[in-house]
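The structures come next, written out as structure tokens.
Here subunit A shows up in two complexes: once beside subunit B, once beside subunit C.
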Partner chain A sequence: MNVPGTLLTVALGLCLATALLAPAVPARIRPALSGLGTAAAGAVGAAAGGAAMAGHAWSAWLPDLLPLAGVRLALDPLGGLFVAVTGGVAVCAGVYGIGYARHGLSGRVVQATLPLFVASMLLVPAAASVSTLLVAWELMAITSLLLVLAEHGRRTAVGGAGLWYAVMTHLGLIAILAGLAGLAAGAHGEAFDQLRAAHLPPLARDAVFLATFAGFASKAGVVPLHAWLPRAHPEAPSHVSALMSAAMVNMGVYGIARVGLDLLRGSSEGGAPAWWWLLVLAAGGVSAMYGILQAAVSADLKRLLGYSTTENMGLVLMGLGAAGFFATRGAPRLAALALVAALLHVVNHAAFKTLLFQAAGSVLYATGTRDLDVLGGLRARMPYTTALFAIGALAASALPPGNGFVSEWLLLQSLVHAIPASGVAGAVALPLAVGVVALSAGLAVATFVKAFGVGFLARPRSPEADRAVESPPSMLGGMGLAALCCAALALGPTVIVPGLARAVGTLLPGAAPATGPVSGPVSGPAMETVTLHLSGIAGTMSPLLIAAAVVAAIILLAGAVRMLAARGRRVARLWDCGVGPMSARMQYTATSFAEPLQRVFDDVLRPETDVDVTPKQESAYLVERIRFHALVPDRIERRLYGPVLAAVDAVGRRARALANGSVHRYLAYGFWTLTGLLILLAVIP
Partner chain B sequence: MSGDLMSGLIATVLQVVLVIAGAPLLVGLMRQVRARMEGRAGAGVPQPWRDLRKLLRKEPTEPRDTGWPFRLAPLVLAGTALVVAAVVPLVSTASPLDSAADLFAVTALLALGSVALALGGLDTGTAFGGMGASREVTVLALVEPTILVSVFALSVRAGSTNLGAIVNVTEADPMRVLSPASLLAAVALAVVTIAETGRIPVDNPSTHLELTMIHEAMVLEYSGPDLALIEWASAARLTVLLGLLGSLFLPWGVATAGTGALAVLIGVAAFAVKTAALGVLLAVGEVFMAKLRLFRIPELLAGSFLLALLAVAASFFLAGGA
Partner chain C sequence: MNDSMYAQWLALACGAFLLAGVLVLWRRDLAAIVRLFALQGVALGAMVVVLGLRQGSVHLVAVAVGVGALRAGLLPYLMRRALDTPPPGNGTAGEEARETRPLVNVATSLLAAAVLALVAYAVSQPIVRLSPGPATQAVPVALTVLLVGFFVLVTRRRALSQVVGFLLIDNAITATAFLTTSGVPLVVELGVSLDVLLAVLVLQVLTTRMRAAFGGTDLGELRELHD
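Coming up: the complex of A and B.
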């Protein structure tokens, strides 16, 4: 067994040991044990993934572990990347969870499930056969479902969210199962190596792709299969939200990339159909737009972050779709660039979403609410959490010097330079894609200015926010680790790009190591390692230099102002039009902040507002009370899922007539079913 | 090579100094043109500099309950404006910083400045601050697609999004400016420049009427040196964006790599003349126009986005035909 194999085994062993030990130790130290065990397993797992990305491949067959097929595991650079990301997120979430669990989450089930959840997510990208993948996938679904339901006793919404999640994740599993089973049947074997060599007829190949795409896309929270995501992610405990939103959704992306670009390779010799990847591109574009629009008008902090996950997965899918599309058009360099952009965005999104969900969890922990409309004033009360959330928000809004900017820049570069190579379909799709990326970036700015500016700055809008205190050190530590990852990825993306290029090489073998952004010498020695150069494309950008220049300019200006201007600051009253101090309720809220955007996108969002004026009894002109009620429904959900749910409901109500409580009738049902089955078996040869 | 680097460095320093010193003068010139056309005497071109001097001497005040976002905002706004002034090819395309940032990065840096100011406005906790911030980021979100799609159209002909490369290509073949793609992109970028810098018809820089203001609502609580920084930064952003429009669509006179001191001097003069001319044009336009209603602005921006998309389509079909 070589380096990645040993490390992965150790990580899985640590998870298992933690899960077994956690229920046995007293509740007082259980969160610490579970958190530290998870963090250690995550660190070892990240090292395993890193080793795989560095080029050490590993594979193993354990025939006795599962009946019939056994367990097949393998780590290549692509799987290694997703293992590494999961490990990194698990480190932050484990450390954070130690403090967060004091909030009444130190129960046996929750603390034992957490390491198992991490283990399942380490296994999914390492699976090398259909049965192993499906077992790991189902383990991931069940453990995450248990964790989502952790707080079901406290809020009624948790139960509903869990139900949605359970149903949708299993429908997704069925789709994946059907697709991969079809592929395995065509390949006469279920190991990934056999699948790669299979030659499926075009129709079966398309069916396999569509089924697996639907299943994996629902895990990634892609519109219109996103309905579970903005329910389940906010209702889970916050470190679980971070794990789900930063690590679990990536598995959907992994699945689409693995099946579409790798496993169907043999079946699509001579080129996969371009419409597959245009479909992926379109699904990504719709998700990016719809996700960020819903996030922009959401006043619930964690729901906002959940929709932002849908947006970011949409961007990743746009990169993936563009990569597949370019590959079919014979532009391997562009394909490699788009794929690097997509994978880098997966890493970046994992870093900042971990940070943001944990910071949101700290706010929830300190104030008991996620409603931005009643928050505010946390800058003075929770200074570290505020600063850390600011770092995450900067990254999420794709502004320099945040890390989100780097991957969106790469994505835009790959889209912009593709026109000559991509034919008429590309000429129509790619400018629209650039517009979608740009608009989603712009709306992301608005979203996170709202989340940070309204949630953390100014004065508290409620007594709960006023009483907030800073989180315990372990929670700050978890957030700090994630913030460090964000900063490292923002300033030195060139460091991990070689590993990404290797992952790309496993998917696009024709386009291997010479492509993708590589760092190369430019005009001076200092520029060599910090500038992103695109091979084959004249485009350069240096995140480190930009950040340094902005900091230098700010310091220069601060010095100049200090020298030129008057010293000392006088504290003064806010401008209140001379009517006396303003109350905190006069501030803009998240709802009012998003109102212009809501109005601009009226036709898409269809907000529902209801104003109810109660006049006094003496006169219709004297108002006693005004109630204002506003709701921005998820329209896709309502249109698409509403009728289906109503139909299921109707069928259920009809079926109720079958069960009238008479035991005789039930016995008759059993008898006739059995007889019918026997007849059927007798007739069928 | 080192001589090249040297001349590029000198040109960049000149360009930054020019923007620092010239930005308030540009604003003064535009105000003076407006005043004359409206039949007023006007305060003279150097008036913005006098205002800045006055503001710098005033005692800075700090509204109660504000914190680091409020204090940092003017510095970030001015800092990003300064960096952008150093990166974009106004005087010369041979800036040593050119490879560090392309047009996407420049757009994002300007957005970073706006975001800092919006957070400063929100941090005050007044209705004005929140209102200004909300409107500013709304406009910002809608402007972004137009800018990036126009960049797309321009970069198709240059094969790069780096500004120096785009300007070089245009300078080598000036007739490209008259191509439909370039003209459409020019109009689209002009509209978003107006929106980004808060000029009529999107925002009125001289209004203090609460129902209409965007930028002024955010900066209402700033005073003294902080306000001076913000005023200067707004002027610098206007100068840089007008200069960039000039360099992208009227690239004559911009010094290229490997040219001497004379070319740099010509570049300086050309930049000053082009920017002043565009500023005067903008000021004249403002005299004849009224501010749009706030909720009509998205229609204007959607129109400009459509132009930018047409520009890309045109550039593709022209490239395909050639």
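Coming up: the complex of A and C.
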């Protein structure tokens, strides 16, 4: 057993030991044990993934662990990347969870399930056979469901969210199971090596791709299979939200990449159909747009972050779809570049979404609410959380010097440079994709300005926000770790790009490295380490230099403003139309901030507003109270899921007549089915 | 044991097994039904003993004794005890001890049993063809008893008849297992037997509870249990 294998085994062992020990120790130290165990397992897991990304492959076959098929595990650079991301998120979530669990989450089930959830997410990318993958996948679904339901006693919405999640994740599992079972049947074997060598007829190949794409896309929260995500992620405890939103959704991306680019390789010899990848690109584009639009108008902080996850997964899928499309068009360099961009965005998104969900949890912990419209003024009361959320918001808005900028820039580069040489379909799709990426980045800025500005700055809009106090050190520590990751990724993405290039190599064999030390006009050993050179196309970027330039510009600007303003500064009362001091309710709220956007995208969002005027009794002109109620429903969900749910409900109502309570009747159903089947068997020769 | 002796003894045991199963449909008296079930247990034990002697396996004979003791001794004893528990208050003991109004009357039930036997014979032809011999040729008998047991479950009202129907099915499954294989591993047989015992204990408790709640053991009373 080599380095990654040993490390992965140790990580899984730590998870298991923590899960077994956590129920046995007293409730007082249980969160600390569970959190530290999870964090340690995450750190070891991240090291295992890192070792695999560095090129140490590992595989193992444990025939006795599962009946019939046994367990097959393997770590290649691609799997290693996702293991490493999961491990990193688990470290932050574990440390954060120690403090967060004081909020009444120190129960046995929750604390024992958390390490198991992490273990299952470490296993999914390491699975090397269909049965192992499905078992790990189901374990991940069940443990995350248990964690989503952790606070079901406190809010009624948790139960509904859990139901949505349970149903959708299992429908996704069925789709994946059907697709992979079809592939395994065609390959006469279920180990991934056998699947790679299989030759499926085109129709079966398309069916396998579509089924697995649907299943994995639903896990990634891609529109229109996203309905569970904005429900389940906000209702889960915040460190679980972070794990789900930053690590679990990635597994959907992993699955699509693994099946589409790797396992179906043998079946799509001579090129996979281009429409597969245009479909992925389109799904990604729709998700990116719809996700960020819903996030922009959402007033619930965690729901906003959940929709932002849909957006970012959409961007990742756009990169993935573009990569697959370029590969079919014989442009391996661009394909590799798009894939590097997608994988880098997975890493970046994991870092900043961990941070943002944890910061949102910190706010929830201190104020008891997620509603942005009643928050505010937290900068003075929770300075560290505010600073950390600001870092996360900067990263999420894809502006330099945040880390989200780097990957989105790479994605744009690959899309823009591909337009001239990609045929009619590409000539139509790629400019649209560029537009979508640019527009989603712009809306993301508005969204996170809203989340940060309304949530943390200005004056508190409610007594709860006024009474907020800073979170305990362990929570700040978890957030701090995530913020460090964000900063490291923002300044030195060149460090992990070689690992990403190896991961790309497993998916697109023969593709030249997308980025590398190509001698440019400004070269030299120092420049090489901080600059991303795109090979094949003219493009270089140095995140470190950009960051330095931005910081220098800000310092210069602030200094200049201070110097100029200090001269003519004068203190006066704010103009308040003569009605007296302005109250906190006169501030911009999240709803009012998003109102212009909502107006622009009125046709897409179809907001529902309701104004209820109550006049005084004597006069119709004197108003006693005006109640304004605004709601932005998820329109896709309403139009797509509503009819299906209604139909299922109607069938259920009708089927109720079958069950009238008589035991004999139920037994008779079984009896007639059995004898009918037997007679049928006897009649058919 | 020579071939013809083996075939005759096996046929005799299987005949008794089938007859006991079908007669359960004929009798209305619950005590008689329990006696028939005990008789069937003896027949099952005898069947396994014959198979064991044929294969010269002491192990199989020991299993047969265990199976017989459970199905002809312990389970009927438990059912008798449930039957003999006096109903609370001034219950109608005479009503309770009889299968008064089965959903399908006795004559039709016997005809149905004949039809089920035909189905069983038709269905098990492929199994018999696999390796023709006295043991596999008796498989249709076991399948018939299984269908009859299911039929009892569907048409009889008393909780005790239901228990017997369930146990007929289990007897039939055990018989099929012994007839088609050359002996079931002891662990498997022990597990199955324990399972059956537990099921009977649960059903016994259910019977007692039903009596306490409704004053009778007519399963038709349980209609309210639906959503």
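Note that the second predicted complex is superposed on the first by the 636 of 685 C-alpha atoms of A that agree within 3 Å, B and C clash if a C-alpha of one lies under 4 Å from a C-alpha of the other, contacts with A are read in each partner's own complex, and residues count from 1 in each chain.
Keep in mind that, in the parts below, a contact is a pair of C-beta atoms (placed from the backbone, for glycine too) under 8 Å apart; a residue touches a chain by one contact, two chains touch by 3 or more.
All values reported here derive from a predicted model rather than from experimental measurement.
When both complexes are overlaid on chain A, the residue A:Leu412 reaches subunit B alone and has no touch with subunit C. In the superposition on chain A, contact of A:Arg573 is made with subunit B only, not with subunit C. In the superposed model, A:Met541 lies in contact with subunit B only, and not with subunit C.
When the two complexes are overlaid on their common chain A, residue A:Leu16 makes contact with neither subunit B nor subunit C. In the superposition on chain A, A:Ala553 makes contact with subunit B only, while subunit C stays out of contact range. Of the two partner chains, subunit C is the only one that A:Leu678 touches; subunit B does not reach it.
In the superposition on chain A, A:Ala60 makes contact with neither subunit B nor subunit C. Set against each other, subunit B and subunit C touch different numbers of residues in subunit A, with B touching more. Touch criterion met: A:Leu667 reaches subunit C, while subunit B stays clear of it.
Every residue of subunit A that touches subunit B in the complex is listed here, in rising order: 296, 376-377, 379-380, 397-400, 405, 409, 412-413, 415-417, 419-420, 427, 431-432, 434-439, 441-443, 445-446, 449-450, 452-454, 457-459, 522-524, 527, 531, 537-542, 545-546, 549-551, 553-554, 556-558, 561, 564-566, 568-576, 582, 584, 586-588, 592-597, 599-600.
Those residues of subunit B that touch subunit A in the complex are listed here as 1, 5, 56-65, 67-69, 75-76, 78-80, 82-83, 86-87, 96-97, 99-102, 104-105, 108-109, 111-112, 115, 118-119, 122-131, 133-135, 137-138, 140-145, 147-149, 151-152, 155-156, 159-162, 165, 220-221, 224-225, 228-229, 294-295, 298, 305, 309, 312-313, 315-317, 319-320. Per the touch definition, subunit C reaches subunit A in the complex via residues 103, 116, 119-120, 122-123, 125, 147, 150-151, 153-155, 157, 219-220, 222-227.
Of all the residues in subunit A, the ones that touch subunit C in their complex are 656, 659-664, 667-668, 670-671, 674-675, 678-679, 681-682.
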